[in-house]
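Next up: the structures, one after another.
After this come two complexes, each holding chain A, first together with chain B and then together with chain C.
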Partner chain A sequence: MKFLAAGMLWILGMTQAVAETQDNAQLEIESAKRSVIEIGNEISEIEDRLVSPVSTKASLYVAVSGGRFFKPLTLKVSGAGITPISYVYTQADVQALAFGGVQPLPAIDMAPGNHRVKIVVHGMDERQQERDLVYEGIVRKGETHLKMLLSIVDNAAQRSAVATLRTW
Partner chain B sequence: MGLNCRILLLILTVLGLSQANAAESDNTALLVGDKPGDLRLPAARGYGFSLREQLGKPVLLIWVGDCNIVCRDAVPKYEALAKRYSKDYPSLTVRVVRDADGDSYPRDTLSGMSELINDSHLPGAWKVSPVPAVMLISPEGVLDRILVGNLNRNLEFTDRALASWLSSTGLERQR
Partner chain C sequence: MQKLGLLALAISAAAWASSATAESPEAGSDLVQQLNQAAVAAGVKATPREHALSKRIYLYHYFSGDQFAALTDSRADLSLLDADILGTVPDGLMDLGMQSHAIAMLGDNGIARQPGTAITWFALAQRASENDHWPEAFQLADRALSESGLLTPDQVQEAHYIQVTASAQQNQLDKAHSELDKMTAGTRWQSFARYNLMLAMMRQDVGSDELAEFIKNEISITPDDYNERSLRDRFLVTAGRYEMRQKHYPEAVHYLRNVSKNSSATPDGLLQYGWALSKQWQYDQALQPWRVLQDNYPIVNLSVLESLMATAYVAELMQGGIKSLHVYEYAEKGMLTGLEQIDRLNDDALLLAWIQQWEKRLPETSGNEDDALHPALHNLQDDRTSRALISLFSTAPFITAQQQLQDVVAMQNWVTERKQYLQNLQTEASDNNSRFAEGALLTDINAATERLHELDNSILASVDTLRAEYRQPFRFATDSEKADIAHIESLILEAGTDTEASAREANRAMLLAGLAKWQVHEQEPERRAAAEADLRARQKQAKELNEQINAARTMQDQMASFYANTDSHLSSMAATYTKLEQLEQHLAQLRSEQEMRVVATAREHLDMLKSRLKDYLATTRLSIARLYDTELRRNAKTGGLGDDQ
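Let's look at the complex of A and B:
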């Protein structure tokens, strides 16, 4: 009987020890997972800073006001010292813009200084005729993140639209 | 956690990231069973096309390259085929994909089907080789079938493939 009781106690002790070991292993796994996430975040931040530091970072947004006289189909951004950007508009994109959406385009790398930028928006007018809206001008990139908003605004008097660029 | 362990994790993460980037940038070898990234192309007329926006619909893409005489003869036959299947499966989305000639886009049309221009300068273009090729993309966005070669010769295969594929997508026939 004594041996049986001792055996039971030993088994209970072993079970507890195994449970503690499992808990410890679980904690270590959780800790490893947290480390992987932290390292991933650190790498992502470093990558962002290296690939696109604020001093060369520029963003272009597109907005449409009205949308009756011009519907964009494609957009091309080019200029000396600028990574070219192209975008193809689907019907869903155009509807979102017409509802007041502001479209962010992929980030642009731009060295500090003055840059001649050309933006060509190919699209359709109200008679479904294809036409281009062109913005061409000089933008100044400082040491901070440059933000540009291309607005395509209806001109009811001329039954057409104009493209303007605002920077800040 | 030991320094060695952290360094090992860092190396593994970096390797994983670079492999993921390589996989994203390499779309030259599309294989059956792949779930390719978005195909976003301008249309010969009207709004552009995004494959991602077609999720939930079966998609038939007919890649014709610069479309020679044989191809021009075949495309209207595919249009008839597409019309026949669209009656049973109205959600079937069909596009003919033509190559841009350098910077200029083709001005003519091959048939009444909507045409897209595969302009390799665009980030949403695919490198499909060889062409002509017919692709069947499931409502889940998986590339289910590719038929490569002469469009006239592949018409019957495409017909049979469409019949079995559309019935396997789980979409209900409309008649």
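Let's look at the complex of A and C:
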């Protein structure tokens, strides 16, 4: 809250200074946009921290290393006791992954213990043939926020890609 | 650790505000440094892995074009402590239509030194050129081109275009030509640049031959694409007007004759073509393009209005005196019709209804969060009012005002959707709390503890069994094997050795007993391994179950602590909901004000049209009066009208 308060003070100071020099309509609209960003950030925090305890959560991220031999089109996550997740990739998403971005998927509520998870990434290989990369295995949920990173890594020797899952 | 994004905006804005009023222009801040100091002061801690993850999440949002998520996703917050990431924020702000914030951030010393900001400089160069701030636009484009590898080929061409135009606007023709030489031939940006350079050459009285040579490639073919054709026609119309002004009428006719029949420059081309022909005393031919113009375009089009006046003027030149009166009267009638149309349109209620109809065409969601703040300007509906106001759509004040209105409408849609979402989150939080209060987790823990207890007992029993087996002479024999051996041994005893036959029976039985014992002994290692493995598996299972129970107990404690604060959580959500409601009210007011601004912009345009039309009408009526006056004087000299009666 200290951050927020400091930020608000600066924002107020800025608004007063700018109002004298800029077009009022544009400033009013930018001010409303700032409010939208601020509230959007608050809702993101609420979603993350206030709906259910962090300890019941698990997060899945997706990264692509290389991206030459496999381009994702869709992703499906399933498993016992897990709300299924589906995602359809846009070209911009694929490009963002190729540039080194890590895609955050919606948080998963998970009870402690072992969970069998199946992740199927449907996509295109180097020759534009459709294929599936499948990860299936057991993840262990403890009392802390479980984080899982699905990496789709090029295997140049076999001219293909593999999906691996790392947890922490 | 939250709100780093907002803090980044705030600090940069403060830095910008202070630099705007600072006594020394050197007194810039260093946002990166300040942000890191603030983070340390706030106790922000993260492992290198968390930090790297946060940075890559930001990059994912940034590169996928979702700048709104990049700024609001709390998982990406930590990334803003990195100077290279912070350098990309102004670009995101530009995408969100927050130009003054982007400029504020770029005014920060810490950001300005950062490499990798070419796209932001480029976007700012675009804005500066749109606002006719040419010297500034040149400098900004130069800054963007210093890292041209970060721009797309099209953006590189546009940056060069801005530089050519900026030089041309400042009448620095040599510099403009030199910048033009850096451009790729055949691109649309090169054509735009050549057009602006042509205007600058005209300002310096370029000769006909040089002009013809300069534009020959641009006008040599008629493209199929409407926009390309419009640009080509614009070259022809502008060159034609220039040659007319220079009194080079054959050259003007040559250019204007080649204007296509369907492009944005066609009305102006037809009007000017008629004028060019009339300047060569080809009055009959001059009337033809004006007739086409009047038949095919709305009366409120400026070219049509001017052509009405021009038609009458040329008719007078052709027919002389009173015979052209009916043409003037026709022109007057047309202008009055135009005036009526403008008066009909110049009505706040009608314009407001038209604008609101346009707003409804904005889709509620397009899948991209950026659209919540700055959606692309939407197409207008095709109706009578839109067609009558077509010339309004190319005016910068109207486009800006309409874009701002669309931004406000998009924000209203976002607020409506988020209110519903927040209500869902509140319900989910309450439901979670109720479920926890029912104690399902505790019941599960107790059941698991019971299972663990049973497992522990079975393990102890197995240990006892193993120990007992180890003491046996023939270990791990099955009950059936034990029974068989006991039975054979009883047969041996029963048989005895009294007779030769019984001794033989006894020996056979002893042989069988030996075989059975040997078999038991043979299978002992395998059975022993299986029994020990079974024990180890159950011990492992018990250990895992124990860990699981401990984790569940820890979770139960954490959940108890979490749900003890449910009221506080719900109250935080309610506070955010109230903020949404306040923003909703503010946006409703802003929308209403912005609608009136758009209406005012449209009315200004209509007033301009009306004023121009009144000038044409006054000129036409004066001509009519002059014709009557001349005729009256002529009749008076010859005996008046009575001579004809």
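Things worth noting here:
As a working rule, the second predicted complex is superposed on the first by the 117 of 168 C-alpha atoms of A that agree within 3 Å, B and C clash if a C-alpha of one lies under 4 Å from a C-alpha of the other, contacts with A are read in each partner's own complex, and residues count from 1 in each chain.
Simple rule for what comes next: a residue touches a chain if its C-beta (ideal position, glycine included) is under 8 Å from a C-beta of that chain, and two chains touch if they have at least 3 such contacts.
Keep in mind it's a predicted model, so treat the numbers as computed, not measured.
Judged by the touch definition given at the top, the superposed model places A:74 against chain B, while chain C stays out of reach.
Of the two partner chains placed by superposition, only chain C is touched by A:143; chain B is not. A count of residues in chain A touched by chain B and by chain C gives the higher number to C. When both complexes are overlaid on chain A, the residue A:66 reaches neither chain B nor chain C.
Of the two partner chains, chain B is the only one touched by A:88; chain C is not. Comparing the two interfaces of chain A, the one with chain B and the one with chain C have residues 32, 35-36, 39-40, 43, 90, 92-93 in common. Put simply, chain A touches chain C in their complex at residues 2-4, 6-11, 13-14, 16-18, 21-22, 25-30, 32-48, 50-53, 55-56, 59, 61, 63, 90, 92-93, 95-97, 99-104, 111-114, 141-143, 147, 149, 168. Partner chain B is touched in their complex by these residues of chain A: 31-32, 35-36, 39-40, 43, 71, 73-74, 86, 88-94, 124. Remark: chain C residues 2-7, 9-11, 13-14, 16-18, 20-21, 38, 42, 49, 53, 56-57, 59-65, 68, 71-75, 96-101, 104, 372-374, 401, 404, 407-408, 411, 414-415, 418, 421-422, 425, 428-429, 432, 544, 548, 551-552, 554-555, 558-559, 562-563, 569, 572-573, 576, 579-580, 583, 586-587, 590, 593-594, 597 touch chain A in the complex. Only residues 1, 5-6, 9-10, 13-14, 17, 40-43, 46-50, 53, 121-124 of chain B touch chain A when the two sit together in their complex.
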